[in-house]
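What follows is a pair of complexes built around chain A, which joins chain B in one and chain C in the other.
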Partner chain A sequence: MFGIAVDGVAYGMILFIISVGLSVTLGLMRVVNLAHGAFAMVGGYVASYAAQTLGLPYAAALVVAVALTVLATLPLETLLYRRIYGHANELSQVLLTIGLTFVIVACVNYLFGPTLKRIPLPDALLGTVSLGPKAIPTHRAFVIGMGAVTLLGLWWLLERTDFGIRLRAAVDDPAMAAALGIRTERLYMATFALGTGLAALGGVLGAELLPLEPYYAIRYIVLFLAVVAVGGAGSIFGSAAAALALGVTDTAGKYLIPNFGEFFFYAALILILFRWPHGFFKGRTA
Partner chain B sequence: MATHLRTALFGAVFGLALGVGGASAATVKVGVIAPFSGPFAMVGKTFKEAIAVYQAENGKTVGGDTVEFIFKDLDQANPAQSKALAQELIVKEKVGYLAGFFFTPDALAVAPLIDEANIPAVIFNAATSAITEKSPRYVRTSFTLWQNTVPLAEHMARQGIKTVVTAVSDYGPGIDGETAFKTTFEKSGGKVVDTIRMPLKSNDFAPFMQRIKDSGAEAIYAFLPAGPTTLAFAKAFADNGLKEKGIKFFGPGDITQEPDLPALGDAALGITTTFNYSQAHDSAKNKAFLAKHKELFGSSDTVTFTSVGAYDGAHVIYQMIQKTGGKPDGLKAVDAVKGMSWESPRGPLTINPDSRHVTQTIYLRTVEKVDGKLQNTEQAAFADQPDYGYKVGK
Partner chain C sequence: MTAAATDRAKTDKTAAPAAAPARRPRDLGWLGVPVTAAAGLAAFWLFPEDLGLLTRILATALYVLSLDLVLGYCGIATLGQAAMFGTGAYAAGIAAVHWIGDPLALLAVGGLAGGLIALLTGALILHARGLTLLMLTIAVTQIVQEVANKARDWTGGSDGLSGIDPAPLLGLFRFDMFGRTSYLFALAVLLAGLLVARRIVRSPFGLACRGVKEDPLRISAIGGSPKAYLVAMYAVAGVFAGVAGALTAVTSGIVGLDSASFSWSAEALVMLVLGGTGRLYGAVLGTVSFMGVHHILAASDPFHWMLFIGLFLMGVVLFLPGGILSGIERLGGLFRAKGGKA
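Showing the complex of A and B:
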């Protein structure tokens, strides 16, 4: 039982870290960003290239991946995303971002080829750590820690800083915020950068579980959307709670009745959304 | 009614096609249906390259007829699309042969077409035993799950392994593997303590690993389709301490196919598999094949089981064309290669006259690191393995 709980929490934390970027773009900025998976994949590929071909250590590869992904996607914000912000543009958002996903998939396939890529782990993250009677892979423990840090960091950023206050104001009433002298365009750009940076972070940290290949961007997008939908758009704690709930349900289901497969994951998704149609924590933008 | 009309129309069109195409017979076209884009694009690439190697070695003509391969992209398992492509190839391109087929449903879907048009279909991969039962015009040059699993189960029993857990992906070939393993292993005196069927889309394998650990089995038999899930599975096996605990990892060779080995990394070390082809197979024919491949494409790192499937498939098609003198008659062409034996890069092959599937040597291999590169090193060979799954339970 303890084993299931530990594995479930570990899986949930990985789900959280790979979906939290989407929670920022979809939840706070109200952009249905289906290219989230593609940004995560770009981050993963950059890290893989930096670590394997350039021989950078893991931590450096991680930083390079996040930084380069943010730099590469910022022009996209100015050129494309800026035109589709807002409630009325949901169809355009879906069309644009899914198109962007296909373009990125094709580029990655062309540049890196269709084979699986890996990000070599440093020795410190290999092996297992024991938690009482249960041993879990060190890498997973590391991801849990990073997840917790991200969670607290985002909470602090959004609730306790000037940036967070302005951002919340800009999201709630863009016209009023602008009238009060808040530079909403810059604010949106920064938030977009935050979202893609988190996507890249998730792509790198989650690569052990969701291996990198060109179709990563499309293969796992349902998983990301499920976590954000259950958590409630825009709520960081909601996403964390959702990821943990789904992780534990899925793990318990697979352990106890493996032949039912993914049944429990989707059953939990349906039941939670039936009871809380807006997710666990109704987002501040709703 | 609609079906009858379509059949009649189709017959008429094909009849005309024969009338026109039969007169000159200077070019024999072969339609290859396989994934050339999408997540399985690697497969199409290996098919195409292997055919190019075969043509580079053996020329592009057979008895005065030029052989032309036409490639059609089918990016995922999609039987309706497979049928549509086959129809297009037969009616529009007037192909005399169909080939390729990575997924079982895609191969099965063309059975009525090849019977109606009397065209042979040479399967380069699709590995469910039942396929060749569905039409007398199927010939297969790959392997089946039964063919790989039976010698493995017998080997494990001989090693004194008593308890095994099977963990397979929950789809056709996975269940074929599970059945083949359970039947053979229990007949040899072993015990399968748990059978786990994992969803094809699983990402997290930790719960399955915990279950395997708790079952107390000495070894696992695992089968997943080659690709990202296999990688996650092998990693989970190492990461969750099953390897340390001494649980032995066995399975068919799909899980350690050559293109995936670099990504699997050290997690793959020690995995023991049975399969029909290893890039590291030590024979003159294989060395020549790899050398030619490298000469044409710059690298032979991705040469794998789908490569030899296509290479030998091309050989079978060449033989069919030669033995029928380039005249289009599917049944005659298939009859002409029944019982045929030849030497392939993987070893000796014979087409079994009943199952029209290749009888071949299945090798026992272990993943090892040689000169810093992972490879499937052959440990033992089980000669003349037929498709044990042909008409099983019929």
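Showing the complex of A and C:
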């Protein structure tokens, strides 16, 4: 039982780290980014290459993966995404980002091959940590810790810094924010970088739970979207609550009622969205 | 649609004001059915080896057509059309295995099942918009797929449903092993579907749906209920998708879990947008070009295909928002403009 809870929370934290990036970009730019899973996958592949082929230590591979993914996707923001911001373009957003996902999947397959990739864990993350009478795997504890750090860091960034104030202003009313001298274009770029950085981080950390293969980008995007839809676009704590609930129920469902887990998950999703179309946890924060 | 129509009207006026009404491409809409029929028959003679693939393309075109009714004429962005297709396919498949053999009755069963599920889920989810609606349509598809996966006794689960052996068509034409009957049957069903769809979108009901797409507020101001129109059209499209699913089941003899999958929904969207939304024939053109190129490219490496279709899709969204048909129309407009000057 305890093991299920730990696995569930760790899984939920991974979902949170990836989905909150999607949630932030969706909340600010109103773009349904189906390529978000592809960005997470790119991060994972870069880390795997850095760790396995170049022999970098885990921490360095993590940093390199996040930095490279952000650098690689920033031009996409200027070239592609900027044309499809806004509410009216859902269909173009869906299609453009599906197209982008296909291209990334094909490129990743060309560069890295179709086999499953692993990111070797350092010895420090291989053992177990004892918590009173129980022991949990260090990697799970590390993931949960990183999730908590991300949650607090984002909260601090959005609620307590100048950047956060501008961001929230731009979410509430982009035209007014621009009129007040906030450079919304730069803000969009920074937010997009933040979103892809979080995706890459989640992709690396979660490589043990969401295995890296070229169809990763398509396989898991529905999960990430579900988290955002239930959590409410742009709400950090909503995403966290939704991701944790989803992670725990999904894991518990797999262990306890293996036959109908997914069925209940989607039925619950329909009921929640039927009652709260803007997300269960639609908060006031960006 | 309206913007394109006004554009066209403008080019017509500048080009040849006197002949404008007769030249409007709109009036050529009736040509679509004979052209499709002729092309279909030509393909029958030209590619006798590939009738299996061609039959699949025809059934898929009907499925994409159903999405066009929803997306092109109601403006509902959905990623869940495969729910209706899969329901229709499984309903027809199960009926064929257990009870009935008549192919036309099987199509009716599929259409009924697709329409029913669309009516039920549509009434439940169509109040939503944007990402919420996308998620709801995805969730419906996943539930259908999960039910099909779990009800192994009926559907065969992940092995797929096989053993569908329909009786001869109209009691006269057997489904032969070369797929000739299948192909001609599918072609006839697609043509009938096109005619019915054309009638529907030109009816007052179809116009009202287009009104909802353009301005729901005004529709409610003049006394209509936008949601009722949307649900009705969603159900109609569900019937089309269900018939398409049943057609696939009857002609191919098997139904797999992927007929109710997220990616099958997404592929329908891609095909429709390649061809052009809100035009009916865009669905046919998009399906033929998508599946044709897929057949050629994916034979060597499926990832080449993904690269190609991904780039193509991005190009269409960025440079040709109306799809292939609008590109053709724009070219036509250019030529006409030149002709007018000369």
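Here, the second predicted complex is superposed on the first by the 268 of 286 C-alpha atoms of A that agree within 3 Å, B and C clash if a C-alpha of one lies under 4 Å from a C-alpha of the other, contacts with A are read in each partner's own complex, and residues count from 1 in each chain.
The rule is short, and it goes like this: a contact is a pair of C-beta atoms (placed from the backbone, for glycine too) under 8 Å apart; a residue touches a chain by one contact, two chains touch by 3 or more.
No experiment lies behind these values; they were computed from the predicted model shown.
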| item | value |
| --- | --- |
| Touching partner for A:Glu185 - first (chain B), second (chain C), both, neither | neither |
| First, second, both or neither for A:Lys254, with chain B first and chain C second | first |
| First (chain B), second (chain C), both or neither touched by A:Phe274 | second |
| Contacts of A:Gly3 with chain B and chain C, given as first, second, both or neither | first |
| Partner chain in contact with A:Leu116 - chain B first, chain C second, else both or neither | first |
| Chain C-contacting residues of chain A that also contact chain B | 109, 114, 214, 259, 262 |
| Touching residues (chain side chain B, partner chain A) in the complex | 38-39, 41-42, 45, 170, 196-199, 201-204, 206-208, 210-211, 227-228, 231-232, 235, 239-241, 244, 259-260, 262-263, 265, 302 |
| For the chain A and chain B complex, residues of the former touching the latter | 3-4, 7, 10-11, 14, 109, 114-118, 120, 128, 135-137, 139-140, 208-211, 213-216, 219-220, 223, 247, 250-252, 254-255, 258-259, 261-262 |
| Of all residues in chain A, those that touch chain C in their complex | 26, 32, 80, 83-84, 87, 90-92, 94-96, 98-107, 109-110, 114, 214, 218, 222, 225-226, 228-229, 233, 259-260, 262-263, 266-267, 269-270, 273-274, 277-278 |
| Touch list for chain C against partner chain A, complex | 71, 77, 79, 124-125, 127-132, 134-136, 138-140, 142-143, 146-147, 150, 262-263, 266, 269-270, 273, 303-304, 306-307, 309-314, 316-318, 321 |
